[in-house]
Structure formats: structure tokens, C-alpha cells
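Read from first to last, the chains carry the letters A, B and C; within each, the first residue is number 1.
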Amino acid sequence: MTVTRSNPSAARISASEIAQLVKGELIGDGDVLVSGFSGIKEADKNELTFLSNLKYEPLLLDTRAGVILVPRQILCPGKTLIRVDNPSLSFTQVVNFLLKDAPDHRPKGIHPTAVISPGAKLARGVAVGAHTVIEDGAVIGEGSVLYANCYVGHGAHLGKNCLIYPQVVLREKVAVGDRVIIHSGTVIGSDGFGYLPVDGKHMKIPQVGTVVIEDDVEIGANVTIDRARFDKTIIGEGTKIDNLVQIAHNVIIGKYCLVVAQSGIAGSTKLGDHVILAAQTGLVGHLEIGDGAVVAAQSGVSKSIKAGEQVFGSPAHPMQTALRNNAHIQRLDKYVEMIKDLKKRIEELEKK
Amino acid sequence: MTVTRSNPSAARISASEIAQLVKGELIGDGDVLVSGFSGIKEADKNELTFLSNLKYEPLLLDTRAGVILVPRQILCPGKTLIRVDNPSLSFTQVVNFLLKDAPDHRPKGIHPTAVISPGAKLARGVAVGAHTVIEDGAVIGEGSVLYANCYVGHGAHLGKNCLIYPQVVLREKVAVGDRVIIHSGTVIGSDGFGYLPVDGKHMKIPQVGTVVIEDDVEIGANVTIDRARFDKTIIGEGTKIDNLVQIAHNVIIGKYCLVVAQSGIAGSTKLGDHVILAAQTGLVGHLEIGDGAVVAAQSGVSKSIKAGEQVFGSPAHPMQTALRNNAHIQRLDKYVEMIKDLKKRIEELEKK
Amino acid sequence: MTVTRSNPSAARISASEIAQLVKGELIGDGDVLVSGFSGIKEADKNELTFLSNLKYEPLLLDTRAGVILVPRQILCPGKTLIRVDNPSLSFTQVVNFLLKDAPDHRPKGIHPTAVISPGAKLARGVAVGAHTVIEDGAVIGEGSVLYANCYVGHGAHLGKNCLIYPQVVLREKVAVGDRVIIHSGTVIGSDGFGYLPVDGKHMKIPQVGTVVIEDDVEIGANVTIDRARFDKTIIGEGTKIDNLVQIAHNVIIGKYCLVVAQSGIAGSTKLGDHVILAAQTGLVGHLEIGDGAVVAAQSGVSKSIKAGEQVFGSPAHPMQTALRNNAHIQRLDKYVEMIKDLKKRIEELEKK
């Protein structure tokens, strides 16, 4: 099998140009040229890399990378270093700079096989890939790109400069802001899971609300976000959602949250701003999660959480409590021995 | 960004007409007209709302809703109320009534870009959206609607009046009953996960069975239901499955079950009728889950469950046991203090 | 509703031919003919079945199957048995033999609605289903079959004799080996979930690496495998991945692993060969999981695991420790009684 090279850039940049770009301190040969970027173990002499975690400092000696972005205190004779405050951030800046001129393989224009209703409104600069379907009344903002095989339902709104990867479904009437990125297989606006018990059967409750995705949100692959029963399910500005996440009807997520892979939020729960849900967490419905709260991985949250609080466990408890309880559980064997020992000694005492 | 209004209805209905429709008791002005519906906090004066949970009774004073469906015992002077036995159910009845005349944006007819094998049989009234593919030998029952970008495999059967949202995959030979709703991204009939160890490698076991979805089932978005190794994976009549659920090969689910988001059921496990699996539960293979059993959220079930039993935890135990154990875990700190105290006191006694 | 028969084979084989094929010992009538295969409970007299688990031996008396593959020690007068070392493996051999001549409903040739860039290279014998899109620079190896509605991105490579079911997305530049099977709804090469905190917002880190899927891998439905930040996310030769699994950026999975449904592996974690992750497990990032390690269902792994080790629980501990702790938890009620009893007895002693 053939593996294509991961660094698509053909642009070249010298160490001194990089130092200037990231406002870093150059140590070594400023004329070294790099044309790609890679991890510290894998990089070759034509590539830029970085060291962000001091734990990995020993790797610095062995890297073949031409130029290395490092924290301010690092020295490594014989290597071309650029010292910066935040090597990871600076690396991203350089990567973005190099990619600026990389070939762009996104769809361009409207593919002739796309099926676009005459009643849909596409702003200028919109690109639509092959076989994508855009229904009547849909509105697509300037500069937005939809890859192949997507579906945009009746009356759905998509803002400016969005990037919608292949096979995304935006159901009818959902509203998506500007600069939103949605990855493949994601479904926005499926019906919420709502039934009423009637004579031992489940009667469907119409789900006639919608979903609002605010500006600068990114949503991973195969995510599901249900439309509200009525009103709106909302994903707040700048929030980032990882793959395979489930957001139920009427959930409201604040701004700049992170929802990591395979987490699920049940109906009508409300997250504040800057909340972090680690991977595989579950939140029951109708909770309030305060600003900046953090839920550790695999936790199951059944009570509201105050701003800034960290919780862990299933059922979740405040982090310190959960860690203490887990530590006790690890020592149960010892405690049981202690109890048995005490029992024996009491029996001894009682005999006397 | 623009947000479209969530209430698509243009029909209007008076409070006294609503009272008649739901057989409720009208308190207040029967001539008040509403043309939409919304939550108690969000509704405006042209909208109907409801109060089902007495916990939220204080919201009644502040709601702007024109008409409110309330439990029989409620009074709130100055508001137009309709007292009913089950406000949530009555609300759904009115919503369905108002939506009856709402514009219908489902696909109509056969879209010219759909690829339908000459050997497929479509009953009258079937609608097929753009780019949907229907293979040879497939049968689609009267009145069923398939949205865009779906795939119906060779010899698959779909009953009457089904609603299949965009990008659903029905693999070859699967059989779906009448009035079934399947949401986007769901895959019915993928191969079961079955291998035999041969010389340290995994030899694929052919998965040549199928999947049967009985009448009145609803299946959420991005669900996966594997075909049987041989024979059938079965989803029983009236069962409702939420988003991102995994149903393995040869699983049999009874009638009127609820399987909440991100749950997974391993191979050959059999659920009775009216079983509830809360969100993110996992069931190992080859279990028998009795009628009416309930599995609490995030539980991991490794043993069969009797009819009517409720279980919780990972590993799951009967609800009472699980709650008692969790309560003990919360008090471990105290117990450890007690043990240490007893130890000291015994040492004191031993000294004497 | 109509249910199609699950056994598509029209070929017939006699008991003595089966015995010869699987090198088994025939007991009974060698002339019995079967033309299908089914489970021991469901099989009829024209079908082959097997008994692999001695627990189910009583079913042997009641089965209507024409021929039964059984372990060497089994006897059941009146039935036509074939005794073999591994009935499940032998059954698979016969099934494969019967299916050899079964009608093949895979796509053939290039469907006229497929959109294939003139810059894509398709080897001979490649089949592409309706509405599938193959972008510029993509390479598809000899004998590979892509079903309908798939997307193959710019410069992606697919090896020989692969089977890609409907609605799979291979993003740009991903590299897939030979004989790989990918089920519907799966997304390979979506962006990794990587952001840098900048002024309280999340700045996207470009994900410019790729994904490498080695030979003989099978990947279930609605799986997500993210491309590396740079470099490669790798799925090793012969590894099998079940439905709804999440593989984050820069994960490296070794050869012949099994990753069961709804498991998730966070960024940069590295699995050795022959690792088994049971269903719904979660692994945090940057771990090393040794060859042959086993993670029990629903476990949450936050520390590296040595070769051959088995772990369980959330947080996960070595299997023996986890089982012991769980047993202690089940007995907490009793321990608390013991503590209270000891306290009373000490108080008695102290009074004296």
C-alpha cells in the first residue's frame, strides 16, 4: 500500500523568518529552510517541530527536525531553536502560514449534480459539492462551502464562511451561524426522543422546534443534535463538539464549551459558558451546569453543578470526594483485615 | 444570523375550541385565539402552552401564553386555563391538530435523480427524494416517503406509510414494517461483529441473516443495527430507539421498549416487552431481560434480569442494593474514622 | 409485513460432502441434503446447523436441522451429526462454501451517476455504485467495490479488493490497504479535536496529518477515525473495529486487535498487537497498551497497561483487584454491621 506524505505544503520558510513570525528568539542558524512540519520523533531535516512539554526534553537531542520551537528556558547546542512563550501556539501559527499557500481541494462553484431548489438562496462565493441537496427556502451565506452528498432541509439557514464536510444532514429550519465547521455524518435537527404513555404504547410528541448553532462552533463527525420539542436546542458561540456526541432536544449549551467524544446530554439540560465535558460523560435532563464546570471522563451527572465545580464518577460527586472515595475503595481489603483483627482482639478482651 | 420561527402553523384555534377538542374544563375567556405553541417561559400571547409538573406552578403567574393547559386542581385568576387530566397529552393533541394543516415539506413523487432499479417495486403514493438509490428486488409499501440520499439494498422490504429521513442505509434483505420512522445517518443491516480465532488472526464469520423492524418502531439518528449471523435481529412492534444506539447481531427486542441514547446491546441478548434502557447503558451478550425491566443510565448489565426488576450500576445490581452500596461508599470516610477510633480504644483496653 | 428468507443459497450439499469438506466424522445418513444454514432452534430439515457450546446440548434433541456439526464427544441417536474439533469454525467453512455460488448483489462496473474526477486512477475491476464521488488524485486498487453514496477525497488511496458499503466517507489523503471492509456511515479522516486556549476562546489547531488503515482491517458502521494533527493515525493489519467506535487523532492501533462497539480511544494512545477492548471502554490519551492486554467492558483506562494484563472498572484496575473491590462493595452492609457491633462491645468493655 502507498502512503501519501502528510505535509502538503510546498512553501519554504527560513528559521529567521519563523522567529520573526512568532516573535521568538533564534538560537542557531537562521538560514535553515523548512518546507513542512511534523512531530518531534518523526520530523526530518526539512521540517519544523516543537517541544511543548518539558517531560519530552530528552527527545530534543535525537530529533532530525531542521528547526524546533521550544520554551524560553531551553538550550540544546547544535540545534536550531526558536524560543517562545507557547511553542504549541507558535507552531500552529507557522503551520497556518505554510498552509496559506497550500493547494486547496475544497469544492468550488456549484457542481452540476447538486440538486438546489429554485427557492433556495445562495450568496455569492458559495460552493456546493456533487449530489448535495438544498431544499426550498434554504439560505446559504457568502463563502460557505458544502462538500458532496450533504442535505440542507427546507428553510434551513447557514451563515457565512461555513465548512460542511461530506454527508452532513441539516434538517428543515435549523439555523447555523457564521464560520461553523461540521464534520461528516453529523445530523442536526433530528426529532427529539419524546413520547407519552397511552394505553401501554408510546405516542409520539411532535418535535416542532429547531436547532440554533451559533457562530464559530465546530462539530465533529457522526454527532447527533436533536431539534427542540418546541423552541430551540442551542449550541453557543465558539463551543467545540467532538465526534459521536449526543445532544438531546431543548438542551442549551453556552459559549466556548468543550464537549469531548461520545458524551451525551439529556433533554432540557443547560450548560453555562466555558464548561468542559470530558469523553463519554452523561448528563441527565433538566440540570443546570454552571460556568466553567468540569465533568471528568465517563462521569454520570444526575444533579446540577455549580460554576467552577469539578465532578467525577458515576454517579458523579465533587472531584475531591470522588477521589477520596476511590482511594478508600482501593484500601477496602486492608480495612476489612483491620475489622477482623479488631474483632479478634475484642473477643480476647471479652474472654478476660 | 437569522433564526426562523419555530412554530410553523398558520391555523388559529380558540380557547373554547381547544377545550372541546381535549374535553377539558375552560376557565376564563373562551374567545382567546392562539396560532402557535411554545414552552411556558417562552410562549407569547398568541400561543398555547401547558403546565404538567406542579413543581413549575409558579411559572404560571408570569407566562404570557394566551391559553394554558393545566392539571384539574389548578386555579390562576386572570389567565385562560383549560383543566385536563393529562396536560402534556392534551397539548400534543392540540399541536397535532394545528399541524394538520401546516405546510408539508416532505418529498413528493419520485425525484428524477433517484436511481431506482427496474426490478424494485414501489407501491402508489411512494415518494423518493433526490439521489436516493433503491436496488433490485426492493419493495416499498404504499405511502412511504424516503428523503434524499438514502440507500435501500437488494431485496429490502419497507412497509406502508414509513418515513425515512435523509442518508439512511437499509442494507440488502432487511425487512421494515408499517409506519416506521428512521432518522438520518442510521444503518440497518450492517454485518455483525463476528470472528473466529485462526492462527492468531481473526477469520470473518459470514453474517448472512437479516434484520426485522416491526410496525410502529421509531429509530433515531446515527443508530446501528447489525444483521444476524444467520436468522434475524428483531426490533419489536412499537419500540422506540434513540440516537447513537448500537444493536448487535441476533439481538431480539420485544414490543413497546424504550432504548435511550448511546446504549448498546451485545449479540443474542433478548429483551421482553416494555423494557426501558436508560441512556448509555450496556448489556453483554446472551442475556434475557424480562418484561418491564428497567436499566438505569450508564449501567453495565452482565446478568439476566427478571420481569419488572430495576437495576443500576456497572456492574449492575438491583436498584435498592446499588443505592445502598453507593450510600455506603459516600460514608466510607466516616467508617474508616470509626475503625481507627475503635482501634485506639481497643489498644487502651489492652493496656489495662 | 413480508420477511425475506435469510438463507440466500440455492446450492445443495450432502452430509457426506460436508464431512469431507470439514474433515469431520460422519454419524448417520450421509445422503441427507441441505441447502441452507440456521441456528439450532430455528433450522429446518433442509438446513445445516451447529452446536459449539456444550451448555446448549439439550437443544440437540429438538432441532429439526438436517445436519448438525458437533464437538467430537457428542452422540445423539437418530440425528445426522458431523463431529469436528471446532464446530463454529467448520460451520463457517460450509457457509462460505455454500455462499460461493450465491447470487452476488454488489455493484458492478462504474454507475453512470458516479462522479469520478478525471484525475482519479481506478484499477481494472473496480466497481463504483450510484452517486459515489471520487475526487482528483484518488487511487482505487484492483477489484475494490464501492457501494452507492460514498465519498473518496482528494488523493485518498484505497488498496485492492476492498469492500466499501454505502455512505462511507474517506477524507482527503487517507490511505487504506488491501482487503479492507468498511461499513456504512463510517468517517475516516475527520479532523482531530485539537484547540489551543487563546483569550478564553478555542483556537483550532490545523489537523494536517492523515489516517492509515492497513491490510485486512474491518471497520463497523458509523465509526469515526480522526486524521492526525500531523503524521498518521494508524489502524494495524487485521484489526477489527465494531460499530460507533471513536479513534482520536494520532492513535496507533497494532495488529489483530479487537475494538468492540462504542469504545473510544483518546489522542496519541498506542495499542500493541492482539489487544482487546470490550464494548463501551474508554482510554485517555498518551497511554501505552501492551500486546495482548484486555480491557473489560465499560472500563475507563487512565494508566498504561502492561502486555497481557487484564483490567476492569472506571477507573480501571487489574482484573483481580477490581473483582475483589467489587466483592467488598457488595459486602459493605455487612462490614458496617460488624463495625457497629464492635463499637457496642467496646463500649461494654469500657464500662467495666
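Everything that follows uses one rule, which is that a contact is a pair of C-beta atoms (placed from the backbone, for glycine too) under 8 Å apart; a residue touches a chain by one contact, two chains touch by 3 or more.
Computed from a predicted model, the values in this text were never measured in an experiment.
When the CA atoms of chain A are superposed on chain B, the rotation angle comes to 120 degrees, reported as a multiple of 5.
Two copies of one sequence, chain A and chain C, touch each other mainly through non-matching residues, since under half of the numbers at the interface are common to both. One simple way to say how far apart two chains are is to compare their mean CA positions; for chain A and chain C this gives 26 Å.
Contacts with at least two other chains are made by residues 113, 131, 149, 167, 185, 222, 244, 262, 280, 314, 329, 335, 339, 342, 346, 349 of chain A.
Those residues of chain C whose C-beta lies close enough to touch chain A in the complex are 113, 115, 131, 133, 135-136, 139, 149, 151, 153-155, 157, 159, 167, 169, 171-173, 175-178, 185-187, 190-191, 193, 195-196, 198, 200-206, 208-210, 212, 214-215, 222-224, 226, 228, 230-232, 244, 246, 248, 262, 264, 266, 280, 282, 284, 300, 302, 314-315, 317, 321, 324-325, 328-329, 335, 338-339, 342, 345-346, 349. Contacts from chain A toward chain C in the complex involve residues 1-4, 6-8, 37-39, 42, 86, 88-89, 92, 95-96, 99, 105, 111, 113, 129-131, 147-149, 165-167, 181, 183-185, 216, 218, 220-222, 238, 240, 242-244, 256, 258, 260-262, 274, 279-280, 297-298, 314, 326, 329-330, 332-333, 335-336, 339, 342-343, 346, 349-350.
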